[in-house]
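Listed below are the structures to be examined.
Two complexes are shown next, each including chain A; its partner changes from chain B in the first to chain C in the second.
Presenting the complex of A and B:
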């Protein structure tokens, strides 16, 4: 990336001046710069329109000047989106969806991380019979699209008697995320020095005690990575929430889609935009709060003593 | 304190044979060092004893108990690892306590033992620190402390000093030796460092290619190596070896080194096996057994006059390398002598006949 600057002594001058060639911007840098600008504009322009529209009164929107800033700023659409937006016949706003999503999020996180971290720990650090075979099957499962197994999965969940509850959604999330999360945890735990685990095996010998007291406290970095990954996945999920959730457990995304797509009469753009933004904000907050650890987590593979 | 027995141990990794029918008895209260080059199976043997690996065949007993199929934590052992293997998220105290977690002790006993070990190893001032805040030597002490609190009858060490710098290593060597003298635990200690083995062990088992080549006190191993491997492995600078042939000249049995025509009189050598004329042998001469420039005495010693090729000084010692045909002969000399030594000078050296080591060139065994 950086061009080597050449140093050359100039003959015939008393003072020693070492001229340095000014770093030139290379053609490839320009290409990358242009490409990145295009990509960011691709996201930034619609986002700008969404944000601006959500603060405009409906009268300004009908003028069709979507790139203009609001003449008269208003938070009314945000209030409406939160409190009064209609989904079908109910006009309770999107807030119920928010609370549903939160109610889905926590069991999903706990269940998926608990299952994946213990499985990864067992596969990485204990002598599990057929561990490689199991890992291979798990890896294959990661390539099976959810849509293919959706209907059978619904029947399975229904037979468990939890269909239509947050537990159904949490369970499905845990199962679907298991291949990826288990691989992540396994690879992280593989880097724990063998001697450390041997010492723990000689000291305690208990699978669970070693997990709780030694391995889990060392997992801070990877937990942040997985947490961000799962919060984003679960919060942004639409299909699982739609198919496995009941009437009262629909996540925010489903309620948003229902409101925006099936509105009667005129489209209330500003309220729709505000509702979309409200739905998108939580993962963003999480990412900004934990982002620093996220980068740490994916770059620090080794565990230092 | 119990004794440890390995009985006909076989260990295979896949089709690769690491240990084949190995038997070994570690006496009660003994400090046994397993010594050998990398890959000789010494660490495998230790891990089998610890239970971190399963034997393919054979039996391991500690005291009266057959521990072959017991879990590591149930074997009544404690182990100190090469990398210390301290729990990074626990404090020093937490590390010591976790060492006791399999023993199900009452609170007062745990407190007593942790305090005892902390005091013994002088780590009581750093009990609340994390391992990352400790120096290498301090970590080593904590690792030993974590093993000692268990009051296990048998203590295992897996190359515990190889991550320390030279000065610290010498200090810790003394400390481990003192601990053994004070606590009388049975210790099995794995190392590839012959100095560690020589200084600490009550007995050394020299291993190569999964076979115990010789087991004995440091003196026995050094003075009377059972075979060529042991002779060459122990000693720094290493033993000089000459390929020679047994011959009878003038009624005397000599070993003749063809390239230099040096004849070594073996008539006073106490052979273990009957020598045969014409048999190829290897004669071993330890560098420090040479006496330099005392040709006056007539004690039946072998005498050599050879040109000096170069010399080197290692602190308290100096070694001169003499040219003997194609090969070099290392001779330990007084460091004060070194300054007078010039390359190309002829040096007269004598070797006492009773210090000779003769090996069968075909089997490598001592004769």
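Presenting the complex of A and C:
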């Protein structure tokens, strides 16, 4: 974790970069610019291909020109993906998956952030003797592969009687993200000056009062970072949804994968691509709206892999 | 009374996290390790037969697909390491030429927001032999163009590697960029004054200074590779045959398709061991870094 917080803390120092002299445009600059443009094209082209495919009628797709713009633009594939796409025998579109994903997202956000922020605060600012040992255990927990805890979690969730519901998926997300989020909150809160907290304790501030009135109002930045990290993680998750979801509670990614990969019969490429885009849109919106925080969130959540 | 409360409340507030850690992680890991020594099939058994306590592991390592999975893990790790190399090169170029930094960063990083399932489906579409890039190149007149990688066992892993690099490139670039920006700017001007060439500057000064960033990237990449599951499902679903199975895919399959808890647990335990083998250097390096910083301060 130190390693990660280190890399995150560093961009701040970039402010003292001395502007380098650039009297004229050199050949090497042009070469670099061309190279960067080519790499950017490699990265950007798949998105372009998917977008144009999703707006083409199926007749144009069979021509095999994936880079061409649609001759005849159509939103039909998008409507079909949303309303009529088939998963197994049911042909209700991907919309059910969208609503399931939303229903999973909110409880898991509330639960994980509530637990992690309080835990991080207690570990950072209150003298808990075993805090260091506990943090080390959390550090390891943040790295372990999901498979090693999957089966016992299934048994625990089943014994709670919620297996197959959106609550089960949300709960498991909260459990899985708890170690990492706690470390992030703790690293943020430990920089709050001790004098401030000591003064608050003197002022007969209780644990909760200090949390609500002093610590939480200072947490704006880190909350945004954690929110972005959690939204992308939960929305993009496949394995937890697949393992803990029931027939009608699977998140969007699982429904998408099921209908595109395992469905038999003729593949309807434009509808598939529209469905893939629909699934990708929410985190992409978050990315383009909050780019700076997004980078921070992803780098601090790096260990999620 | 006041004092007692201020002692008790933080500990009470920690209770949920402690319970989650003990039940969800520590207890669960111990349970899985225990199960890997039993003969559990569909339902967990709690009796260990002393004569056969190691049999799940024997079966695992006698399984050809498991060896394929381990081999694929290695191939994937080596192949994806290109993302770190390219990430560094891109970061260095972007750092040198400030022109368009924001735009390049935005473009290079967006795949991170896309889920691996979507990533896999998109690349699957691009690799589609009759309608994807192969057909496009052939229509341009390059008749021998062959990009049907996912259909052949020998090349399917390369397809997965390409998609993984596409997905992770921006992330490693961002980490490298952060590492580069932390380097003292005086080094650049000193190097220019001394007439040190650009290549020498990077090879002999910058890269050694960034070894900790490189180590972090390498460890994060390896941990990601051990967990590689979604991308395999989306691109090949393990096929053709079992040629693109990974340990993560193997463990899930042993549980969900073969309904064999003991066997799945053994595979998961090996995954945990691989993770720990990757993880320990990070702990050591972090401790070393901390000690060095302390030494520099004192």
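We take it that the second predicted complex is superposed on the first by the 247 of 305 C-alpha atoms of A that agree within 3 Å, B and C clash if a C-alpha of one lies under 4 Å from a C-alpha of the other, contacts with A are read in each partner's own complex, and residues count from 1 in each chain.
Methods note: contacts are C-beta pairs under 8 Å (C-beta built on N, C-alpha and C of every residue); 3 or more make two chains touch, one makes a residue touch a chain.
Given the structure is predicted, the values throughout are model-derived calculations rather than measurements.
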item	value
Chain B versus chain C as contact partner of A:61, first or second or both or neither	second
Touched partner set for A:134, first chain B, second chain C, both or neither	second
First (chain B), second (chain C), both or neither touched by A:193	first
First (chain B), second (chain C), both or neither touched by A:44	second
Partner chain in contact with A:151 - chain B first, chain C second, else both or neither	second
Of chain C and chain B, partner touching more chain A residues	C
Chain B versus chain C as contact partner of A:213, first or second or both or neither	first
Which of chain B and chain C A:27 touches, first, second, both or neither	neither
Partner chain in contact with A:201 - chain B first, chain C second, else both or neither	both
Contacts on chain A seen with chain B and repeated with chain C across the two complexes	201, 204, 206, 303, 305
List of chain B residues in touch with chain A within their complex	50-52, 71-74, 77-79, 81-90, 98-102, 131-132, 139, 146
Chain A residues touching chain C - in the complex, by the definition given at the top	1-4, 6-8, 10-11, 13-14, 16-18, 20, 29, 32-33, 35-36, 39-40, 42-44, 46-47, 49-50, 53, 61-62, 64-67, 115-116, 118-119, 121-123, 126, 128, 134, 137-138, 140-141, 143-153, 155-156, 175-176, 178-179, 182, 201, 204, 206-208, 232, 235-239, 243, 253, 256-257, 260-262, 269, 272-273, 276, 279-280, 283-284, 286-288, 291, 294-295, 298-299, 302-303, 305
Chain A to chain B touching residues, read off their complex	193, 195-196, 198-206, 209, 213-214, 217-218, 303-305
In the complex, chain C residues that touch chain A	2, 5-6, 9-11, 13-14, 16-18, 20-21, 23-29, 31-32, 35, 44, 86, 90, 93-94, 96-97, 99-100, 103-118, 121-123, 125-126, 128, 130-133, 135-136, 139, 166, 169-171, 174-175, 178-179, 181-182, 185, 188-189, 212-213, 215-216, 220, 223-224, 226-227, 229-230, 233-234, 237, 248, 251-252, 255-256, 261, 264-265, 267-269, 271-272, 275, 279, 282, 285-286, 289-290
